[in-house]
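Once you scroll down, you'll see the structures, which are given as structure tokens.
Presented sequentially are two complexes of subunit A, the first with subunit B as partner and the second with subunit C.
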Partner chain A sequence: MFNDKTAKFILLAGLVLCIGGAFAPNWIVNQFMFGFARALAILGLMVLWRTGLVSFGHAFYFGLGAYAVAILDIELGVTDVFLRLLAGAVVAGTAGFLVGFIMRNYRDIFFAMLNTAISMVLFGIVVKTESLGSTDGFAISMSTILGFAPESKYPLFVIITLIGLTSALLVNFYLKTTVGKLTTAIRDNEIRVEYLGFSVAHAIHLKYTISTILAGGAGALMAMSLGQVDPESMINWTVSGELVFVTILSGPGNVIAPFIGSLVFEVLRTYAFELAPQAWQLIMGATFLTIIFFVPGGIWSLLEKLGGKKNAK
Partner chain B sequence: MVGGSVVEAALTILLDGLQFSSYLFIVSAGLTIIFGVMKILNVAHGSFYAWGAYTAAFFIGKFSDMGLPDAMGFLIIIAAAIIVGVILGFIIEQGILKYMYHRDEVLIVLATFGLFLVLEDIILIAFGTDPYFAYQPMALLDAVEMGGIVRDVYGLTLIGVAALVAVGCWWLLNKTKWGTLLKAVIFDREVGIAMGINVPLVYTLTFIGGAILGGLGGAYIAPTISVAPGLGTEVIVLSFAVVVVGGMGSIAGAAIGSLIIGILRAIAVHELPQVELFVVFAVMAVVLVFRPEGLFAPAKPRKI
Partner chain C sequence: MNNKFIRGAVGFAAVSAITLSGGMAFAKDAISIAVPSFLTGGAAGPFGIPAMNGAKMVADAINAGKLPAPYNTKGFGGASATIIPLDEGGGATKQVAEYRNLVEKRNVDAVVGYISSGNCQALAPVAEELKQFTIFATCGTPRIFEEAARKYVFRTMGHATADNVAAAMYVKEKYPNLKGYTGINQNYAWGQDSWRDFDLTLKQIMPGSSPSDKTQFPKIFAGQYGSEISAMSLDKAELIHTSFWGGDLEAFIFQGNARGLFKKKIGVFTVGGTAAYRLGKKLPNGLVLGARGPYGILVRDRDTALNNWFVSTYKNLYGTYPSGPAYQYGQAILATKIAYDKAGSDATNEQLADALRGATFESFSTTIEMKLGNGHQAITENGYGITEYDAENGENVVKDVKFYPASCVLPPEGQNSVDWIKGGMKGAKC
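Right after this comes the complex of A and B.
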């Protein structure tokens, strides 16, 4: 599990980030927190994307994770970061596992649309339900870590970084197993995969569940970093679109790509918004089109070209 | 008296539902035509709608300020739809989509999502963030009393416009040479090319036609709403729901999908407002689960 280049790079990057974070100014720590929290969801979407599946509704699981944190906080006063993360991942993962029984039979735009429909059902419920915070959402109290309340954001940053990189290691490991290697095989030819003796439906169900657990965890971490949840920025279909956007931006090449892509997205968004508040969507949209047209492998493929195939991590 | 009020309530729901269905149909007809012919699920369709609404509202306001008669508003609505559809449709099809036809369906959806983001912001840059109110055409037509309830006439004309669009599409598809060519392309694009049909031209015209319908939906609804940013975001998922329920690529399907969703939503709004949005997408999800091709999808010829 630790003896390939990617794994070694992840361990090294984790060390550098955790030490560097202690000295970095607050705003940089914030950008990394948001970026890495989102990257967790992108990691899951990447697993689907490698199979050729695009979900235009993963905000459903992202939102479930975020709202699980909010409701636990309000109803039971749970503030521990690990309990919150666990709750988000378990709620979203359970929903994803159940929905997966249906979803595993869908492909292409039907897959995308069914996901959209399900996420909009949740959006419709939350927006119109007063006890779920309606359009305003909830504020979330500061997270505690195993009983102690941190003064700065640094401890939360370290936890998000470690969770993110651990997930990357696990997904990297999964992609190397036989069932993980089916990923691209299914995209290329489902019938051949069936003839080899594997169940395509089971493989897709597993991928889908993995992606929903990660999206739920991402939602939980995002809720904790932001300190609030609301339907417009957590569940609406535009959020799903944003997640897909970052997935394509990152590229499917490597489990590290989602983290780099998310960071680029955060920085791009912050600066685009500062430079031209009326035109930041325009800048994002144009970037998206450029990537689709000219860089189908995403940022990762650019890095590979820069480093030369040999040094690629 | 109690009986009377029940009838009135039912009539209100029915008319609200029909009006909402008509509006959904005009917008979704364009979406489903584009999907049927070109196999493109066009997220940017929401932007055509928003552009139509903004263009109409802007010029209705301008003309009214200049002291021109309010009846001009109806001309402006039609002109706005055509201008928006022709310009945006042509630029997008020729400038971007043309180069994507050989690529994966899902990638084309993503590209139209990128376009949607771009067009949303160009609206903000062109028209600003303040809402527009173009009530003049609506005020002109006044209100009528029917069956004990008062309705504004403008809303009722929406039903007529939707019927016109439906009949127009049916006539075009079934009674004209263009319709025959279109059906040939829908049935089998490659055989169509082999038979000498100018498929690129069919694609361009189809896309422009669909865009005009999207623009018309926005332009016609503009006088009844406050035209504000974020308009296209809600409409596009609603019209996705409509075309999915009816069956993607079918005009009759879009009509039935609009009726189902429009009337269900009207019932929800009056009887149980909490489920207003939920019910639309619950229907969409249920149809996708049990009949992914939609309730009334045309039977598909099996190809190898």
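Right after this comes the complex of A and C.
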């Protein structure tokens, strides 16, 4: 799984980032942490998108991951970064696997909206329940790493980078397997895929579950890097929309794209917020429209053009 | 992917890193104060914008040395301040991320503001972690200083307990025969605390009245209250308590008016002050109106040099009378000046905090004493009045205004608000 260009680039970039992070100022490290945490969820959405499915409800899994961390912290005092991450991914993955039995039967707008519906049910429950923090959410204590409490954010940043790198490699590998290659095939012609002897329902169920595990992990990492969860920023449909936004901004071309796209999004938002406190949403919206009109392949397609290659894989 | 691409990517990253890290480091003849407030969404018009206006007006006057005595010295410890406006919208988590940016990227000297209790609750531990001198201007939940000791975080106005204990006392005076009461409050820290304090106080001081079992807790910024209004119209309780603020407050008044809710019921609005100037004739008569302390319409006629300056300058600049949020942000900026004047313009966060801890100062409309939360939480008097439309001048006024001293409506130092009320408000001096 390490012998293609993408894999080599991921390993190299991961190494450069981990070293660079030690010297970067705190706020840049923060941007990378937020960006890379979200990128995990984008990675999952990208797999679905290649299959022709867009979910407007993945904040459900993102939120489950984040709230798993918060509730473990408050109820049991779990602070270990790996336990927290595992909890987030397992809770979201289990939910995703169960919900997947329903979702695999739907396509297009029905798939998108059914996901939204489920995520809004969770949103409603959390908002209305005071013991789940209602609209305020919870503050999360600092993560520890195998029993040692780091002084700075750098260790968490390295962990997030390594998890991102590993996930990217795994998804990259998965997309090259036979089941993984059933993405565009399903999008183009489901009946033909069935005639080839593959179950479309199973393939979609698997992809859906993978995407929910990734979204749960992303939520857990985001909660740990921010130190706060609340339903508005973790479960609401606007978060699902944001995830789709970043997926489109990144482009489906390569597993590296979500990381670049998510980082660009984070920096863009920070600067929009800084430069135009009253109209920052306008800047985000204008960027979105520009991408859709002029760069439908996302940032990745721009990079491909810069790199002078038409079909980098 | 070829070498050219990798080289391009690395180059891009390097260039962007250099561009991004520019613009830091200041000399101390100037300081920067970040002022977060709602600049987008439903809370912006009635709350966020007046708050920002108040902050800017006071900061400009301080920079020019134009405040009335004793604050007529120029600048913040001599340094001129730049106000960095910031949007408070988007939820607590987003605010935490932005707060980190403010401190670690933009290197602001002080953070002064915040309206939403949810945001304050989320930010207090972050401010402590980053050791950043921060003044909360408006947000109301008592939990901020009751749940943990703070070193760098201050609040220059009273908290929700004062608003709701005072409201209950005013209700007892005006409606001694009250049988039942209900409430509509937003389902987050502020709304939950407000209802809890009001309900507990009435249980203590008016044992003859009882709460409805159908109190309403819609989501913050919901904007639509049709079903809640129906439920409350049918409820037997004669009085409705609400801590709605900003756009939610106005939406609730409009929708309740259309259904005749305030003709049937007594409305107690703990943050109603902002609506008095904005709604004009559409504000129902006979509401029990508060402004979260001695601010806005409740103190418009208070004749002191500071208050006269505040009201007339604000009216000249912005064309309306200043409402509560303008006062609250204005006095938070004033507190920043007081801290800087005492500690010097190049003071560290620790020195600024030491300077403000336990201070007592005269603000635009009242005396602020930093007495609770180990000198980090202010206490002030708190008051209510009854709304009436003055047709002659075409504006709302409040009559029967009554103020309760701080020692009457707030727990003594070291006591948790809920325990204090439940214990019969021992030590209250009214």
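We take it that the second predicted complex is superposed on the first by the 309 of 313 C-alpha atoms of A that agree within 3 Å, B and C clash if a C-alpha of one lies under 4 Å from a C-alpha of the other, contacts with A are read in each partner's own complex, and residues count from 1 in each chain.
Here is the rule we go by: a contact is a pair of C-beta atoms (placed from the backbone, for glycine too) under 8 Å apart; a residue touches a chain by one contact, two chains touch by 3 or more.
In this text the structure is predicted, and so the values were computed from the model without any measurement.
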| item | value |
| --- | --- |
| Joint occupancy of subunit A by subunit B and subunit C, clash or fit | clash |
| Partner chain in contact with A:114 - subunit B first, subunit C second, else both or neither | first |
| Partner chain in contact with A:178 - subunit B first, subunit C second, else both or neither | neither |
| Touching partner for A:289 - first (subunit B), second (subunit C), both, neither | first |
| Partner chain(s) touched by A:278 [first = subunit B, second = subunit C, both, neither] | both |
| Touched partner set for A:127, first subunit B, second subunit C, both or neither | both |
| Residues of subunit A that lie at the interface with subunit B and also at the interface with subunit C | 127-128, 236, 278, 280-281 |
| Touching residues on subunit C, where the partner in the complex is subunit A | 1-2, 4-6, 8-10, 16-17, 20-21, 39-40, 85-87, 90-94, 96-98, 100-101, 104-106, 117-118, 121-122, 125-126, 129, 186-189, 192, 217, 219-220 |
| Contact footprint of subunit B on subunit A as seen in their complex | 52, 54, 56, 102, 106, 108-110, 112-114, 116-118, 120-121, 123-125, 127-129, 236-238, 241, 244-245, 248, 278-282, 284-286, 288-289, 292-293 |
| Parts of subunit B lying in touch with subunit A, wherever the complex brings them together | 41, 43, 96, 99, 104-107, 109-111, 113-122, 124-125, 129, 233, 237, 240-241, 244, 273-282, 284-285, 288-289, 292 |
| Residue numbers on subunit A that touch subunit C, as the complex places them | 5-6, 9, 12, 16, 24-28, 30, 34, 127-128, 130, 134-137, 139, 226-230, 232-234, 236, 267, 270, 273-274, 277-278, 280-281, 303, 306-309, 312 |
